């Protein structure tokens, strides 16, 4: 999985019907400290992530291994909202509570 | 999925027969504001996208999870035409209507 | 699919037997105008492409979705020889005829 | 597989239920001598790797080919803890014992 | 497939049991002339490649399409030892015999 920051949403009315009803989140790649890297992808979401949250997303065929995405033309799915990241014994990232 | 701008079309008469009848769109990678990045791929199209439109495309085995592409040697399919992209509460991209 | 220029061939006598009889083309990544980018991959070929031709190749599991490649340990297959590429209304690439 | 150094752990309480009970390790890409490269991914773990260890991880659908990960939305799994790496007849990396 | 140079071996005693008995080769990405690029991966081997040889390796699910690797958590397999590479009519690489 990769770390990303939820930075926005994408709206599309004309789309493959298998995408109907799926959320399309704009995700910015980020470092373990949450710093955005200026590159982006669009993922669907199985955990109701919100703007600004640091998340883990899965890509490729693995992104279809959920109830929500099975059999759908999805190659990136947010799988977890990150609470904290520990590196070398110290807290690198801690979600605002 | 990734964001791209439809920048052209590719014509091929000598091709694997499983590609017969499929549109081949030239897509330029782009940022959420629609700015092209100078790198390209070729995708088939399940939504009749037009030149200049910002689209979402799916790659890998996920690109074959549509009626149009199932069982075909396709690794990139345009799945949605983007209407708008919202980032941090403001509109980053809005399609000309 | 990605655009590449057929730049050579690879010869191997000691190989996985499932590759026996398959052509191994050296492909250089290229821009839509045909300019090579200095990076390379090796693909098998379902369309008898020749040296110097601009082609489309498919990667990953999608490269195995042809009669020639099904069930084989192949992750890149040339699927089409490009005749022309149109960008923004003008011809970016036109094959010598 | 790719070489990485286990540099931390990721905690998430709100996640896809298929990830429940799986370890989430923060991995830094590294060279054969163990030097970190400043880029990161998150992998689950089938070998109980510890912080600071150099490991091999598998990505994509191959990451799901273990008892632990089959059918789960996982695209990266640590598969081995590296004891030593030999390059050109000399030891490039040797695990502290 | 991609071109690589066999530059070493990786030893691991604590690993996923499905990897037992498989060779783990350290491979350096290389150009068609055999020049190493300073980036590395680890692949298993279906052709008994030796140190210093230029090889072709397959990645992703395609790396599992051999008798040796089927059903195993392997995402890179050496499939061929390169004898020679021809570019533009001249020999770019020729294996020492």
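To keep things simple, chains are lettered A, B, C, D and E as they appear, and every chain counts its residues starting from 1.
By definition in this document, contacts are C-beta pairs under 8 Å (C-beta built on N, C-alpha and C of every residue); 3 or more make two chains touch, one makes a residue touch a chain.
What you are looking at is a predicted structure, and each value in this text was computed from that prediction instead of being measured.
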{"item": "Given chain B and chain C, the chains that contact each of them", "value": "none"}
{"item": "Turn needed to bring chain B onto chain E - CA fit, degrees, nearest 5", "value": "145"}
{"item": "Interface residue overlap between copies chain D and chain E, same or different (over half shared)", "value": "different"}
{"item": "Distance from the mean Cα position of chain D to that of chain A, given in whole angstrom", "value": "20"}
{"item": "Rounded Å distance, chain A centre to chain E centre (Cα mean)", "value": "33"}
{"item": "Multi-partner residues of chain A (each touching 2 or more other chains)", "value": "60-61, 63-64"}
{"item": "Topology of the chain contact graph, where touching chains are joined (line, ring, star, complete, other)", "value": "ring"}
{"item": "Ordered ring members, chain C first, chain E second", "value": "C, E, D, A, B"}
{"item": "Of chain D, residues touching chain A in the complex", "value": "7-16, 18-19, 24, 26, 40-43, 51, 60-61, 63-64, 71-76"}
{"item": "Sites on chain C touched by chain B in the complex", "value": "1-3, 31-32, 46-48, 56, 58-66, 77, 79-89, 92"}
